[in-house]
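Before anything else, here's the structure in question.
Per-chain numbering from 1; labels A, B, C and D assigned in written order.
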Amino acid sequence: QGAPIKVAAVYTVPVEQQWVGRIHIAAEAAQARGDIDYSFSENVSNADYTRVLREYAEGGAQLIIGEAFAVEQEAREVAAEYPEIGFLMGSSFPPDEALENFAVFDNYIQDASFLTGIIAAAMSQTGNIGMVGGFPIPEVNRLMNAFMAGARAYNPDTEFQVAFIGSWFDPPKAKETAFAMIENGSDMLYAERFGVHDAAKERGVLAIGNVIDTQADYPETVVASALWHFEPTLDAAIAAAKAQEFKAADYGVYSFMEHGGCSLAPLGTFEGKLPAEAAAMVQDYMEKILAGTYTVEIDNSEPSA
Amino acid sequence: MAEILRLDGITKRFGPVLANDDISFALNEGEVLALLGENGAGKTTLMNILFGHYMADAGTVTVAGTPLPPGQPGAALEAGVGMVHQHFTLAGNLSVLDNVMLGTRPLFSLRAGRRAARARLAELSGRFGLAVDPDARVADLSVGERQRVEILKALYRDARVLILDEPTAVLTPQEVEALFATIRKAVAQGLAVVFISHKLGEVMAVADRVVILRRGAKVAEMRSAETDRHRLAEAMVGAEITPPDVPPAVPGEVLFRLDRVSTAGTPGLRAASLALRAGTITGIAGVSGNGQRALADLLSGLEVPVEGRAELMGAGLGIWSPRRAVGAGIARIPEDRHATGAIADFDLTGNAMLEDYHRPPMSRRGWLDRRAARRRAEEIIARYDVRCPGPATPIRLLSGGNMQKLILGRVLEAGPRIILAAQPTRGLDIGAVTYVHRQLLAARARGAAVLLISEDLDELRALSDVIHAIHDGELSPAFARGEITVKELGLWMAGQGGRDAA
Amino acid sequence: MELFDILVSATFWAAVLRIASPLIFATMGELICERAGVLNLGIEGIMVAGAFAGWIAVYAGLPLWGGVAVAFGAGVAFGLLHGLLTVPLGLSQHVAGIGITMLATAATYFAYRVALPEVSSPPKITAFQPTGWAVLGSQTVLTWAALATVAVTGWVLWRTPLGLALRAAGENPAAVEAQGLPVHALRMGAVAVGSGLMAVGGSFLTLSAFNSFFFEMVNGRGWVCIALVVFGAWRPGRALLGALLFAGFDAFQIRLQQTSLGAGLPYQLFLAMPYLLSVLALVVMSRRTEVPAALMTPYNKGER
Amino acid sequence: MRLEAIEAPGLARRLGLPAAALAATVLVAAGLAAIAGGNPLDVLGQIVQGAAGSKFARLETLNRATPLIFTGLAVAVAFRARLWNIGAEAQLYLGAVATVVIGTQSGLPGPLVIPAMAAAAVVAGGLMLLGPTLLKTRLGVDEVVTTLLLNFVVLLLVGYLLEGPMKDPMGMGWPKSPSLPAEARLPRMAEGLRLHWGFGLALICAAGVWLLQARTTLGFEMRAVGANARAARFAGMPVNAVLVKTALISGGLAALAGFSEVAGMKGNLTADISPGYGYTGIVVAMLALLNPLGVVVSALFVAGIFVGADSMSRQAGVPSYIADILLASALLFMVAALKLSRFRIVRG
């Protein structure tokens, strides 16, 4: 095992944000195990981002985790300046052989999203699904697209309503947007943002969760969720760093279902309420995905209704 | 009569300035006391201390035998001290009634009590002859009406001592008469009045007793019955003041002419005709708000004729603007020196070059010549006797008279051919008034045409070679010096001159 | 659902009221401050503080109205700070306001982290529930309280001696002083109470519109209220109208996005609509006779 | 109680009070650190270390001060003329957009492209403020509100551009603009220094604005219009034209912040290049009492406090939000101290 390695994370949003929250939870777990010594900075604006990266680099971090998305170029410049330190960065770009210490990852949980799409279509009476997102960035788009593909796989006639609220943290606004969709015929909501579940609960319609499992808070509302598990990604990176073998690699695959990077949350309160046909379909696709015989398409483009 | 007010050893410093120096005097019921002094002598400061607006460094104020707690206008009001400030303290967007009621009821009471207030206001208006519309917006009122509101505010609160700080500076002669009538009614009902004015005639007319301040100290106290204007002036200034001689005019060509000119706005000019000749002073008499502003604005470049023809040195005005007016050699002394004539936060240098900063020698190709500007300011300071610490002093720190001298210097330096002087002596002390008059006469002797707009008929009649009355935007015919009596002029000012004369 | 159907649906109008409620509280708060002569750009941060304070108080066990009261208190505290800086000290109201927004926001986030270090998703409380009264029945009692605030503000400002004094303090403080009233105390009081209302507006988000607190959830609503006060020409009734109009644009754009008309357009256009229409409305009205004359002018006795 | 101006404040007062403001900020920092479980005694050292304790720290402070100098100048120029420009944020973003458009599309030869980018940015920012200014001069629409509201509109517009027409085709879907080619990037001010010429340009602009205000007729007009528009008009100044020129200059300066961030720091545009530089610019300008040279000092102060406090939060292991608290407290303490160094509190 050896001594814990020093890991620092730099987040552009508070750790309440689901995407970042999953990384944070995984890191805290690794720290609890004694594998790493973890520190983090949250809500770092992109204007300050590389300064904070450098500060951690100067401060002796051995592995730095972060989000390079909006600062791709600069983050790579920083990594180039500190070749001894491993950089594991959320990024939509592939790794670069020339930059040996810069590895990339992302929330590639389209597998699970696809399965939740099947469930959503099966549970919707009206065939009209409302989707509320924050911003149409690839990390959001690919999950929405996979979800829609799943829903169409079950019911090709499924209709969608899609809206972006232009904020990560405005639950009241997300809620209002969801209300409008319900009024406009949706009886199933895809909850990319906080607030959507609440609208569904208040109006007695169903919802699908995303990235985190929220059924405990909304037992009558949330049918299923596509969960992201950052642990496989992080554990692989820690192992590589400890073995002095950290290198430019694409850790994105560790979010795939076959690596345990994502999963379909247990149906829980909705166990047995799924139409048998749908349950079978979910099971079937899951097996194919795990066996590698079916690949959910990764589509980063902005979804539209 | 019983003593109602006593000031004892009042002393007040503003930084290095000793504004009040150990001043004491007393006031009896039913008495009018005039407070005299040059600009900056400390009159307003003393009254502000009496009213609780400022706290004295030393000394006490006693009203009806009870000492007032310092620095509390509320306590002064409660004790029956009412004050009409030199600069009115009214909220322009509120109604007359609101202004009067302000602060008269406990803040946290649930009802405004407007009905009772309205009745009481009507009663007071009647009793003291102060007619105002309680629902009018104060900003829509004339200066004279605003002053009535101020006095009503004090009376509404049962004032026993009424302080009037330069109440007549902005009033027309008729309004002054009405004010004096009100004062007489008030003293007859037992009020005591402190009256501040620079006009010695008024002081002699209304005051029982006079207290004179110089540089913050009380220098004299006398009964008005036992003195005269010369002695007052001498006590005030420390030397005798002689009004300037007015030699006969030598009229020259017409430099500016209005031919049946009308302007937009209310009250604008209405078919006004006028000719300003070189070497003469043309006076405009009228009750304020009758189009004087429009006439001054027209000459200043702020207004343009919408009808009729205006001629400058025989040619049309062209595209008319303040800058054109300055460029054409019109010197403009605006009515409101604080708001229009000067930039309070700028120093004397900046204010001195306000009108010609954009051309040599003040600037070249957009770059200011700071040395030239400073030299200009120093020249004006020296030549026009502006009392100040130096050209880098913010102009807001100057007294009104000195501010006016700087403005005079600014506009007269270039030797203008046409001079607009709108209320040039308003609020100035007797020394400064004399100074301004001398400057205007000197310009006339040089061959300048002067348009003098004033509400002070004495001033107008002393200086003007030609007088027009203005009423509701219409100008009367021109009357030569001595051609018209005050009474006739008054009729023209009231808009009835033509009818009577015809 | 097409345009006309949207406008005649009761659910649309219910949404308008819900969206407007926090704006109404905060707009009344700002209006009171500005009527007394103090621009309060601290509004955005004060709303954040109110949202947090109300929620954490309820989470800690207080009843919902206790939460509202705590939020109000938090607003008053920041209001007093803004008042202290801008009224007796006469500092620039722009700077103090922006400083207060920074301070209140950061202090709130800091307090949140210190209070709840180990939570990754903020805990939920049981928020105000819709009363089910009236036609627009999905409103909580806090929405009705917002409407009542408008009436009370109007009544106090125009029908009581206190209101007269406050308005006069925003018109000409020297006149207030000359009538024996304490200008600074009046202004401080107005800023304190006004800020309290802003904070209650923030707490609407966590106690009624939603049931927990998130960073950044106020999301610019405070700035909108500054505009609403101007839009409303510093009158409560017209400001209410403005808030309803703004909320109406917002509710409308959410629905419009799902119509055939809205489908092809970028979503940013819809989000920008309330702001653009507010600017347009200002241009159309473009009268500013009613601006409190002493707004943004500190009062210092004896200054010349 | 009232404030009385001190004609010639002594050195002790002029330096002592600001020093007290800094001390108060440190006390707040220590208190907060203690609350959050850090060591209050280390706080001061950590802030100083983080802001200026190493070459790295000093350069970071200068880098972060750069956009603040531009927005601070923009606000100082406008406020001096009483044009309440709360829209520096929007002007910054439009400047950034113009920078990217020219930098990636113009095809201009190397040496011309950077001046062209800067010029385009200035025009874009100036035009952005021109609208609200004309609404003010023509229709009397309050510019505080219009400039404030348009910030949101412009931010959404930039979001749209980055997701639509300006989206980087090589960006893997992330909403950002294409990167500027190397010749369109501002060079470093010295080899190996992480400080680009944007900072130099900011200093030049500060000097330029100072010259403009103190030495030119236009500057004189701008100050006069701000101090008393009525007197300025009476004296013959073209008040509306002066306001329009002020708007173009102010908007242009704010836009240079966007230019400098894109061309100097980031190399491309994202919707979040500014963490509120436009708003902080207001604080920077007022802290400098609207003096353009003072803006440089106050921008360095603001940047130093933020960078130092942010770094301290990591050293001390306290929530990073402490940095903003300290920045806000430092500001409020400092403006109060600056006021009290020119006024004394007296009775009555």
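Just so we're on the same page, a residue touches a chain if its C-beta (ideal position, glycine included) is under 8 Å from a C-beta of that chain, and two chains touch if they have at least 3 such contacts.
Just so it is clear, the model here is predicted, and its values are computed rather than measured.
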{"item": "Least step count from subunit A to subunit B, where 1 means the two chains touch", "value": "2"}
{"item": "Inter-chain centre distance, subunit B versus subunit D - centres from mean C-alpha coordinates, in Å", "value": "45"}
{"item": "Centre-to-centre distance between subunit C and subunit A (centres being mean Cα positions), rounded to whole Å", "value": "35"}
{"item": "CA centroid of subunit C to CA centroid of subunit D, Å", "value": "27"}
{"item": "Contacts with 2+ other chains: residues of subunit B", "value": "54"}
{"item": "Contacts with two or more other chains, residues of subunit A listed in rising order", "value": "43, 136, 166"}
{"item": "Interface hub residues of subunit C, defined as touching at least two other chains", "value": "109, 268, 271, 301-302"}
{"item": "Pairs of chains satisfying the touch condition", "value": "A-C, A-D, B-C, B-D, C-D"}
{"item": "Touching residues (chain side subunit A, partner subunit C) in the complex", "value": "13-16, 21, 24-25, 43, 136, 161, 163-173, 175-177, 179-181, 183-184, 194-195, 198, 212, 217, 304-305"}
{"item": "Touch list for subunit B against partner subunit D, complex", "value": "14-16, 54-56, 70-71, 300-302, 321-323, 325-326, 332, 334, 339-346, 350, 354-355, 357-358, 363, 366-368, 370"}
{"item": "Interface residues, subunit D side, partner subunit B - complex", "value": "4-7, 215-221, 223-224, 227-228, 230-238, 347-348"}
{"item": "Subunit D contact footprint on subunit C (complex, rising order)", "value": "81, 85, 88-92, 94-96, 98-100, 102-103, 105-107, 109-110, 113-114, 184, 220, 223-224, 226-227, 230-231, 266, 268-269, 271-272, 275-276, 278-279, 282-283, 286-288, 291, 300-303"}
{"item": "Subunit C-touching residues of subunit B, taken from the complex the two chains share", "value": "48, 51, 53-54, 72-78, 83, 85, 87, 89-94, 98-99, 101-113, 153, 396"}
